[in-house]
Amino acid sequence: MCLAVPAKIIERTEFMATVDIGGVTRQVSMMLLPEAAVGDYVLIHAGFAIQAIDEEEAQQTLALFKELEQYAADN
Amino acid sequence: MRLTTEETARAARFFAEGIHRLASRPVRLMEVCGTHTVSIFRAGIRQLLPPTVELVSGPGCPVCVTPNEYLDTAIAYSRCSDIIITTFGDMLKVPGSDSSLMAEKAKGADIRIVYSPLESLTIARENPNKKIVFLAVGFETTAPTAAATVLQAEQQGITNFFVLSAHKLVPPALKAILAEPKTKVDGFLLPGHTVTISGLEPYYFVTQEHAIPAVVTGFEALDILQGVYLLLEQISTGKAELVNQYRRVVKPEGNPAARRILDKVYQPDNAVWRGFGVIAGSGLALTAVYQRFDAKAALPLGKVESREPAGCRCGEVLRGLIMPADCPHFGLSCTPEQPVGACMVSVEGACAAWYKYGQGRWSYA
Amino acid sequence: MPPGINMGKDGGVMHNREERILLGHGSGGRLSHDLIKNIMLPAFANSALAELHDGARLAIGGTQLAFTTDSYVVKPRFFPGGDIGKLAVCGTVNDLAMCGARPLYLSAGFILEEGLPVAELKHIVASMRETALAAGVDIVTGDTKVVEKGAVDGIYINTAGIGIMLPRVDITAKRVKPGQDIIVSGPLGDHAVAVMSERHGLTLPERVISDCAPLNKLIEAMLAEVPQIAMLRDPTRGGLATTLNEIAADAGVGMILEESLMPVRPEVLAVCEILGFDPLYLANEGKVIAIVEKEYSEKVLTIMKQHEFSAAARIIGTVTNQAAGQVALRTTVGGLRLLDMLSGEQLPRIC
Amino acid sequence: MPPGINMGKDGGVMHNREERILLGHGSGGRLSHDLIKNIMLPAFANSALAELHDGARLAIGGTQLAFTTDSYVVKPRFFPGGDIGKLAVCGTVNDLAMCGARPLYLSAGFILEEGLPVAELKHIVASMRETALAAGVDIVTGDTKVVEKGAVDGIYINTAGIGIMLPRVDITAKRVKPGQDIIVSGPLGDHAVAVMSERHGLTLPERVISDCAPLNKLIEAMLAEVPQIAMLRDPTRGGLATTLNEIAADAGVGMILEESLMPVRPEVLAVCEILGFDPLYLANEGKVIAIVEKEYSEKVLTIMKQHEFSAAARIIGTVTNQAAGQVALRTTVGGLRLLDMLSGEQLPRIC
Amino acid sequence: MRLTTEETARAARFFAEGIHRLASRPVRLMEVCGTHTVSIFRAGIRQLLPPTVELVSGPGCPVCVTPNEYLDTAIAYSRCSDIIITTFGDMLKVPGSDSSLMAEKAKGADIRIVYSPLESLTIARENPNKKIVFLAVGFETTAPTAAATVLQAEQQGITNFFVLSAHKLVPPALKAILAEPKTKVDGFLLPGHTVTISGLEPYYFVTQEHAIPAVVTGFEALDILQGVYLLLEQISTGKAELVNQYRRVVKPEGNPAARRILDKVYQPDNAVWRGFGVIAGSGLALTAVYQRFDAKAALPLGKVESREPAGCRCGEVLRGLIMPADCPHFGLSCTPEQPVGACMVSVEGACAAWYKYGQGRWSYA
Amino acid sequence: MCLAVPAKIIERTEFMATVDIGGVTRQVSMMLLPEAAVGDYVLIHAGFAIQAIDEEEAQQTLALFKELEQYAADN
């Protein structure tokens, strides 16, 4: 339905940003996400940043998966 | 921080075991989104589930639900020598009534694959004597990118850029599915990326009006396994809540900035969905102010004759009423190289995914 | 039959009623195979061609030879890690090596577009020279055609190659048997990504370049130590998945690969996620798949790891006696998925 | 040095300051030679290539082989007397035969334009099959690339070929000596005229068709009876005049031809007069020039006249020890003119 | 009826012997026409003549006498993306000030070689969005074909066809040659094909005003030998008459129908000849009625900067003052592959013919 | 200066003719030579018939050359 990939903003102008996606860089439009700043993680779709990624939530999800993994390993 | 392969495998095992434990009675879960369909197959998630848990694909493949009339119109435009078509790669192979964009390109039509709608504007500037028609397909996630492109075209004074809109909205389609008496769905994996834009609000009717549990889900294998797990948890406890599994991306309010741009350029409209017919308020049309970017208004065509492929059961597949393998054409007279319906061509098409990833062909050891 | 749909049996392709060649016919996937099977094989029927190897194995006057050809049409013609000239030598050298032969001589056929800068031609020819030197082959015969502006896109090169079969080896799909290990020489998809990234506005870090390399010395070292190697193939167009499908079909065996062992660089994965591609279907130009009895695989890996083009070689799966002709991938989360042949080319997509 | 004129030494071409490839670089004439001499030979330096024969002569494992390649870009791809497929087999078969080899195996590399009707491809492939059968060669390895619409003009084909050297023969310019006879197998320019007439609104009678034919059986018959033949060459691009210039230069001899003996059909002459062409520079695709000691020429002619593709063979001149490297034509009125290499391509002209 | 090879050879021998007999003192004969120049070389006629008979080329190579300014204008048009150039093949390789049409074509200019000017009209119809500029070069023979094409364009209502005229008339150039004190010509081989159109009348000044014998000559080897023979006959008997050797084609009155069409479309104009400068009344310009087909008027260009190649002595070659081999560039820094002047490129150029046919290189045995 | 070739008219309409040039046929314009008829020999230049060829004169020229040839042979 909608492929989208996480990316880190490494440079920004008013409308555009250079983002890093797993080591690959690309220019994307920031029109749909005007507030995001250099260093932020954002989701990219069709050449646009469409949402900021919540670092804390991301870490929590990972932590949860790790914990579960621990749980599975223990049982 | 990243998970190692082992950590991923063990977390998956945790969810799989939990799902087996919770799936005491048969359930039918619908993954609304085609990207979920593909992820499920690519990760081989079906083999981790008990036979009681059936995953059924929904209407979330924009290419699949686009009716032939749209494709035939795009093809008609592509045949005009002064028109350049820009399109996402997804559309190229999809059959219209009697051609496809790929076949037209082979015959000489100027059709350019773009990754972003913005590339259309560069092409428009480089080809001032041509008209650029962008095939604007996609759901809530993609429509704002097309809207932003229209605003850019306006701002840059580009007058040879046009949009052929087939954008669609997911909630009205879900309503249509739920209104169908034959529908049997015990839970929904909701499309994480459309909700990223729309926010949760438009989806509460699923849990509140229909009392069916729903989980907004991400696209990694573990996201999907967790989504299934969370649905089964609700089902086994008789709950019907809208849960957000994909919190790292999906905010309850969605992306209001994107919606403002969308609302500036587009307004809701009735739209035809393959297999559904017209669904009220499920499409997007350019507002009066941006009418001049509307290909259909600005570049009128003669009547385009369209018909849907006879015998194809895409409509039922898209509505979750049958599984692809239930179609008598599947894998026989309908394959990705010789498709009958759009669902066999689109990478996210349920029939294509079932075929490519071996459902009905591969005997799992 | 629904109206407007071509259900024709011979190479019929989607909504292609006048039956025209599509890009997919050159993708190395199923359409390519149909074209070869339905048009080329019946016309040119002979036993050497019917092997459908990377090259033909021939006996002339008591000498065992391998003979192969490829045309190179890569665009852009200069890309990170190489150019069309380097590719034209590597590709043919590698195809000969995959037959179990030592490449000796190449031909070079140039088709040039009127207006091509002579400086570009010189650069490309210099690359060919360098690569031929590195591979130890001679370019002994050639041809140059010039066509009108617009009748070709800059420069296309065909090379054909002759090699002499190495002693005691028999590289053929028929020797692929259940229980054998499947080895790949390094990360997948580097070439395809290096070639296509710029076209899609993607910038790769400098270290990610095409893997384009002549593998003949590596292969000869492997075969000198382990002449028992059953099968070799370079996973070019259509990628690993398509190549293994071909071998599985020819050998009448199944294969199971491990996703967790699949070598793919993070940048290549990123490009795939952005464009909606699958790295297992991306072209490689300096990789080899080796299939070998388990008892020899450690020895093969040891040799490979000493060689610059295969330092990251690893076992990625095994040949099975299940589901003959099919290739499966055991996923990281423990599932199993079919790895089909490529169908049409991969196109960048948003969903 | 006058402004705006490129006086550069390496492949420099008229008013081509940015040094771009011109059509003339592919004409087979002097620009082609400069390109090969200045760019290809220095890069690929090796003794087999340096021979600049129709193919390379190689020894592999004790077997004497010939190896050659050509790309075929003929337009239109179907013409009176043949098509690009027939041409692609004949051209390479003939180049092997000209080396004194028996052609055995061909490769075929197709570059197809997206949108090419499959029916045309089938027709072309069927021609290749038929011609290969007639010539007694096998097409044993191949490759098919498809490029985007507009990136190639329909279809180009490369063939490379391997032959085994015939015993007791040594076909090389170095054996061309003063006093030898120059034989040509039949009328000149038929192929070029068949291919280009339609493009210029000229209609040929049905009997005038391309001479495109595989000459290997003829050549083998000639060499079986007269292994002493010094030199063979097919006068393709650049025509008779250019081919003889190459031989004269390589051999360090002069040549004198007789205009009155020059076989040219009246229709070919007519086309030349209309467009301002010289038939001695037109391409042939089924003709051979044989150079042989006078004592053998009758025997060679006798064999040739028995063969369908050379029934009109005749002596057209002799090798001389004057003006080394140059070719002259004694005209019908008794004058003498230099036959230079082709310079650039011939363009239809009105004066 | 045709002559056999033997008959031709023996007739040639007759003329050659006659010429040897008559050529008691050194004479310089000018073949005005480039087609004669080429025929003389291709038939090897020089080798049949005694050293006392020198043949010198005249200005009858339309490509050679066309100044760089014209070529540079054509090149400037070829660089316009909406212009298609149609031209006889003769013009392609000729160097302008710093490019050639062939180099422009290699860079992407749309330049089409035509055999007849009429083909330009087909191209004009097939490319309604392009402007077709036909490079109208040639003498009296060719100019009527361009004029007829203009009339056809008018009749067919074609509005995207234009002519860039560099047509030239031979008699004014001959007058200029004869007006030059350094000129030393004892007889003229006159160009059979221009006289075919103009008739004999415009050439009587040669014999009547300058008392130099002249023979209108055909293009076969025997025609030319006979022409030389007829000139020597006159010279040896002190006559100066206009003789028509080419009676099978050349009628005294020429082709009045062709001249009528020519006069309808074109009017005499001054024209610049390479090496001569302006020669009054030696060119042809479109008449007021057909002005709209004039490329220079209809498609104005910015100033075209032109210069003639330094060191090239084409001008003197074309005026018969020096032989090609007298130019220090000849065969050294000036060859057909790397020409300095137009005379080394045109097939009919004197320098090109001398080079190609081996003058100064081939040691005749 | 002006290449031109002799041709025989084998078909004619008002403005065009099909001519035979040594066995090769072509369409040429008759605008510059409106009178010529089927069977006539004409001279072709740049796709136009530009003059009728006088058969009698042509034969006379040939006859003359033959005669000369005879003369040369005799001497």
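A, B, C, D, E and F are the chain letters, set down in written order, and residue numbers restart from 1 in every chain.
The rule is simple: contacts are C-beta pairs under 8 Å (C-beta built on N, C-alpha and C of every residue); 3 or more make two chains touch, one makes a residue touch a chain.
Labels paired with UniProt names: A, F = Hydrogenase maturation protein HypC; B, E = Hydrogenase maturation protein HypD; C, D = Hydrogenase maturation protein, carbamoyl dehydratase HypE.
Because the structure is a prediction, the values reported are computed rather than measured.
S.K.: Would you pick out the chains that touch chain D and also touch chain F?
M.R.: A chain counts here if it touches both chain D and chain F, which gives E.
S.K.: Using the contact definition stated above, find the chains touching both chain B and chain D.
M.R.: Where chain B and chain D share a partner, that partner set is C.
S.K.: Taking each chain's centre as the mean of its CA atoms, which one is most distant from chain D?
M.R.: Relative to chain D, the chain whose C-alpha centre sits farthest away is A.
S.K.: Suppose you list every residue number at the chain C-chain D interface; are over half of them used by both chains (same) or under half (different)?
M.R.: Looking at both copies, the contact residues mostly coincide.
S.K.: Centre to centre, using CA atoms, which chain is the farthest one from chain F?
M.R.: The most remote chain is A.
S.K.: Between A-B and B-C, name the chain pair that shares the greater number of C-beta pairs in contact.
M.R.: B-C
S.K.: So if I superpose chain A on chain F by CA, what angle comes out, to the nearest 5°?
M.R.: 180
S.K.: From the C-alpha centre of chain B to that of chain E, how far is it in Å?
M.R.: 71
S.K.: When the centre of a chain is set as the mean of its C-alpha atoms, what distance in Å lies between chain B and chain F?
M.R.: Spacing between the chain centres: roughly 74 Å.
S.K.: At what distance in angstrom does the C-alpha mean of chain E lie from that of chain C?
M.R.: 58
S.K.: Indicate the whole-number Å distance between the mean C-alpha point of chain A and the mean C-alpha point of chain C.
M.R.: 35
S.K.: In chain B, what residues contact two or more other chains?
M.R.: 8, 13, 34-35, 61-62, 88, 106-107, 115-116, 138, 142, 222, 348
S.K.: Where in chain C do residues touch two or more other chains at once?
M.R.: 18, 20-23, 114-115, 150, 201, 274, 276, 349-351
S.K.: Which residues does chain F have that touch at least 2 chains other than itself?
M.R.: 1-3, 45-47
S.K.: Which pairs of chains touch one another in this structure?
M.R.: Between chains, contact exists in these pairs: A-B, A-C, B-C, B-D, C-D, C-E, D-E, D-F, E-F.
S.K.: Which residues, counting only chain C, touch chain D once they are in their complex?
M.R.: Of all residues in chain C, those touching chain D are 11, 18-27, 32, 35-36, 39-40, 43-44, 46, 48-49, 55-56, 58, 60-65, 67-71, 73, 75, 104-105, 107-119, 121-122, 125-126, 128-129, 132, 138-148, 150-153, 156, 158, 160, 162, 164.
S.K.: Which of the residues in chain D come into contact with chain F in the complex?
M.R.: Listed in rising order, the residues of chain D that touch chain F are 197, 201-205, 208, 266-267, 269-271, 273-274, 276, 349-351.
S.K.: Of all residues in chain F, which touch chain D in the complex?
M.R.: Checking each residue of chain F against chain D gives 1-3, 5, 21-27, 44-47.
S.K.: What residues on chain F touch chain E, complex-wise?
M.R.: Of all residues in chain F, those touching chain E are 1-4, 28-29, 31-35, 43, 45-48, 50-51, 53-55, 57-62, 65-66, 68-73.
S.K.: Can you list the chain D residues touching chain B in their complex?
M.R.: Its residues touching chain B are 114-115, 149-150.
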